[in-house]
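Presented sequentially are two complexes of subunit A, the first with subunit B as partner and the second with subunit C.
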Partner chain A sequence: MSIFYTEEHEWIAVEGGSATVGITDYAQAQLGDIVFVELPAAGRELTKGGDAAVVESVKAASDVYSPVTGQVTEANSALEEDPSLVNTAPEGAAWFFKLTLADPAELEGLMDAAQYKAFCDGL
Partner chain B sequence: MSNINPSGWRPTTPQASGAAGDDVTFTGNRALMLEEALIFEIGSTETTGVDFGTAPRATSRLGGLERTDTIGLPGLSEPETVRHYTRLSRQNYAIDLGLFPLGSCTMKHNPRLNEKMARLPGFADIHPLQPVDTVQGALGVINELAQWLVTLTGMHGVAMTPKAGAHGELCGILCIKAALEARGEDRRVLLVPTSAHGTNPATAAFAGFTVEDIPATHDGRVDLEALKARLGPDVAGVMITNPNTCGLFERDMKAISDAVHAAGGYVYCDGANFNAIVGRVRPGDLGIDAMHINLHKTFSTPHGGGGPGSGPVVLSEALSPYGPLPFTELYADGHITLVEEETVGDRHPHTFGRMTAFQGQMGMFTRALTYILSHGADGLRQVAEDSVLNANYVLRAMEDVLDAPFAKSGPCMHEAIFSDKGLPEGFSTIDIAKGLIDEGFHPMTVYFPLVVHGAMLVEPTETESKATLDQFIGALRSVANRAKQGDPALKAAPALAPRRRLDETAAARKPVLVWKDAALAQAAE
Partner chain C sequence: MSDEEPADIVHTLPLDDWHRERGARMVPFAGYQMPIQYEGIMPEHLWTRENAGLFDVSHMGQLLLSGDGLDDALEAVLPGDVKGLTEGRQRYSLLLDDNGGILDDLMFSRFPDGIYMVVNGATKWDDIAHLHEALPEEININHLDERALIALQGPKAVDSLQRLAPGVEKLVFMTCGKFDLAGTEAWVSRSGYTGEDGYEISIDAEEAERVADLLCAEPEVKPIGLGARDSLRLEAGLPLYGHDLDTDIDPAIAGLGFAIPKRRRTDGGFPGAATVVKHLAEGAPTKRVGLKLAGRQPAREGAEIYAGDTLVGKVTSGGFSPSLQAPIAMGYIAAAHAATDTALQIDVRGKRLDATVVPMPFVPHRYVRGS
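This part shows the complex of A and B:
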């Protein structure tokens, strides 16, 4: 399994032709206490860089973008029950959705963990 | 008395001696700041303040669905009712009590002359369905105000009926939609810069358009090149807030309009911040096709927590044919008619329809016209100049204490923006806002616009004196310095308000939206 990151602070964990997407620890820290998460329905077609989910904190509502093009296979319904999971386990139990990759070549433009850390340090 | 407000927070205050724990009085009151129970807790279904006669038995047409049990509304005597709401009103903060520095909301003084005019019986006691011959004075106010709004903006026409800013946005966007349909073009995309008001993308989406962001440049303005690059046959137009929510004037506005028009689109301008440019800049000269004017901001009609808004939309020559009904029409003999569906004939064939049942917010029209006429051209110009001067005074008085991200972009317009950059770990904008409450000020707009990290947006308006501004600046500097020094007491602010810091997260995650009888709620668990 390999993990990639976007400049919009999403992470994507890829295993074969499918992937899991969430927001990074940096993103949840910036947002503050998360109070609501809106997830894409299974079957929805997402495009790279397009709107995929909405995450709302006490400060603001933000769009979550899909790092790649693909079809949603599953959304993490646990987040609808308990949005605070995003604050406590952003890069684990609080994954947002899983999707099947339409074009694995799209991963090439994304950052790896070291590059993403350097990117955040520069913000 | 010890049972007051069991479902709410208790008002507490740190002990004067500095010892741990809080002081609590027997009643929960703090001197003359009165703790107030919910109306359900002081009222009783056994009492009532009015004597109703026995209702005559009428034949019901509800087919057995009518309610037969009691509805449980609390009954109070008249003095109990008056005291309840007066006590609650004392816990409110209002423009008549002090500075209200909300950014993007122009909370300015509402001159009492406006109120006097609005209360004249000829305006206050009429009905929108009265024959027009009996309300010529009121229609005259609408007509004259409409002419002034067109004059002040340099536009071609105006739709007076929209009820507030976002309603005005919708009106303008529906005009654009109707114009595109008349041209037989299917343009689906509205471009909205990140420095626009939050309602702009919401309006565009509500009207059925696809919203696309246009980035801001590092100095806080629309990226003209990025905008030009996105224009094309699928773009219906742009929605731009000018002055924008970074408190900056979009200097490229004319170039933006020209580029959008050349590509076949229309330009919507959010005029919520018109206060900063009224009398100085005419949006019509900038190529704008539609712009709403918040009478309740720029022209000082009361709003916020109950005062109704009013959002007339000025339109370019290209969009005027599509504006909504009804509107007023002045004849040469001085008679004014109301042009509605029944009377429009073929004079306004392309109207997109109607947005409101009646003629708009009459009380706001009267106040706004009073404001315009009592200020005059030179007075309105000074409104813009003083609002900009006051904001720059705040900006320059604070920039050595708080990070001001656009301070080097030149003077700000009517609002100054700061960020939470430079505050120590664990301290943020929210702590400064809460600290201001202890100092007796309503906080500024916080965490908006999103393009600035931990944004604090301050709009002092032109109606504040230098003495008031100095007091506010002193308070804000004190609180900001406490945050920078990591004062742990600030994390608990407000300590002196009737309520301590509320749990916003719990309120959002587990909102309590209906009152429940404590005994019944317990029984249900």
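This part shows the complex of A and C:
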């Protein structure tokens, strides 16, 4: 399994032709207490860089973009019951959705863990 | 995820370094760098409801008006009772345009040396220009930009402030006075913008860091950011200028009739009086209401409100209530749909969320009133 990161602070864990997407620990810390997550339904076609989900904190709603193009196979229903999971386990139990990759070549432009860490340190 | 781009500019306030040293996340607001949060909106909000929070509101405009004929002159620009305001008392009022539209909302108090007024930060330059234009030359408008303003809010604010400024415990809601606060003169009112008991404290800007340090050394007090200030005032049902109030809204529509006493309704003589008095007497075509949403998803400013298929209003402030752990909103609704318990729907990104009209405040006010 390989994990990649976007400049918009999403992570994507890839295994073969499918992937799991969520937001990073840096992102949840910036957002603060998450009170609601709107997830894409299974079957929805997402495009790289397009709207995929919305996270709501006390103060604001923030868009989450899809790191790649693909079709959603599953959304994490645990987040509907407990959105605060995004704060406590952003890069684990609080994954947002799974999808099948339309074009694995899209992963090439993303960052690996070391690159992403350097990117965040520079913010 | 996306963040809003920070605007360039911006000026710094007397406590800028102080906020940064305490880990505040600073954002541009009303032309100044302001602390949006320290440890997080949720814990800061709940701390204020149970203890005491220190808010730096030095971006707000502090004015001292004086001169012969001040009371008459001021009654010509705002609908409040200036003539009946005795020393040491404070009132809420509004600057209105000729149609009765709200230019700003404000607090004014009577001090021995004149009327002390606190106006919103984002509108203060327009307010000052408006007052210069509207008031006769004999009236001095002194912009006290060398003063800082700190709000101390919460049920324990009185405990901490009276240790530093003995006597403030004797003030009641909407009264004010000058007090010695650890060696500096503080203009203190017992009022605020959270729905809690608390104070607003005007001091020399050069004393701001020392006073903020002293207050935060009290066990009840933590610094609180603008984020929690917004969620606290929303729970208290208090409108925010530029969001819930603007020039398209008059005081009757906004449900702020309490700020216009009987004498002013009868005699008029303030901008837009004809429209405002008519709306107050006959009922306004739209009303500012509170809305409680089903589920957990918040509706934000700008969301449209429907009764079935009919568009009946718009959300002007909305968020997640930390105290109630539920989404709440404030908005304007056609009068026919504005009664308490009316079931409505709010459109959020194409999804209709069920909402109910509820009385405000969402969380009861806990002001300390005189007997």
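In this section, the second predicted complex is superposed on the first by the 123 of 123 C-alpha atoms of A that agree within 3 Å, B and C clash if a C-alpha of one lies under 4 Å from a C-alpha of the other, contacts with A are read in each partner's own complex, and residues count from 1 in each chain.
Just so we're on the same page, a residue touches a chain if its C-beta (ideal position, glycine included) is under 8 Å from a C-beta of that chain, and two chains touch if they have at least 3 such contacts.
In this text the structure is predicted, and so the values were computed from the model without any measurement.
With subunit A as the common reference, the superposed partners subunit B and subunit C clash.
By the touch criterion defined above, A:8 reaches subunit C but does not reach subunit B. Once chain A of one complex is fitted onto chain A of the other, the partner contacts of A:59 extend to both subunit B and subunit C. In the superposition on chain A, contact of A:106 is made with neither subunit B nor subunit C. With both structures placed on the common chain, the touch criterion links A:36 to subunit B and to subunit C.
Taking subunit B and subunit C in turn and counting the residues of subunit A each one touches, the greater count comes from C.
With the contact threshold set out at the top, residues 33, 35-36, 56, 58-60, 62, 83 of subunit A are in contact with subunit B in one structure and with subunit C in the other.
Of all residues in subunit A, those touching subunit B in their complex are 33, 35-36, 56, 58-60, 62, 83-84. Those residues of subunit B that touch subunit A in the shared complex are 446-448, 450, 504-505, 508-509. Of all residues in subunit A, only 8-10, 23, 27, 30-33, 35-36, 38, 54-65, 83 touch subunit C in the complex they form. Of all the residues in subunit C, the ones that touch subunit A in their complex are 1-3, 37, 40-42, 45, 227, 230-231, 296-298, 300, 319-320, 322, 327, 349.
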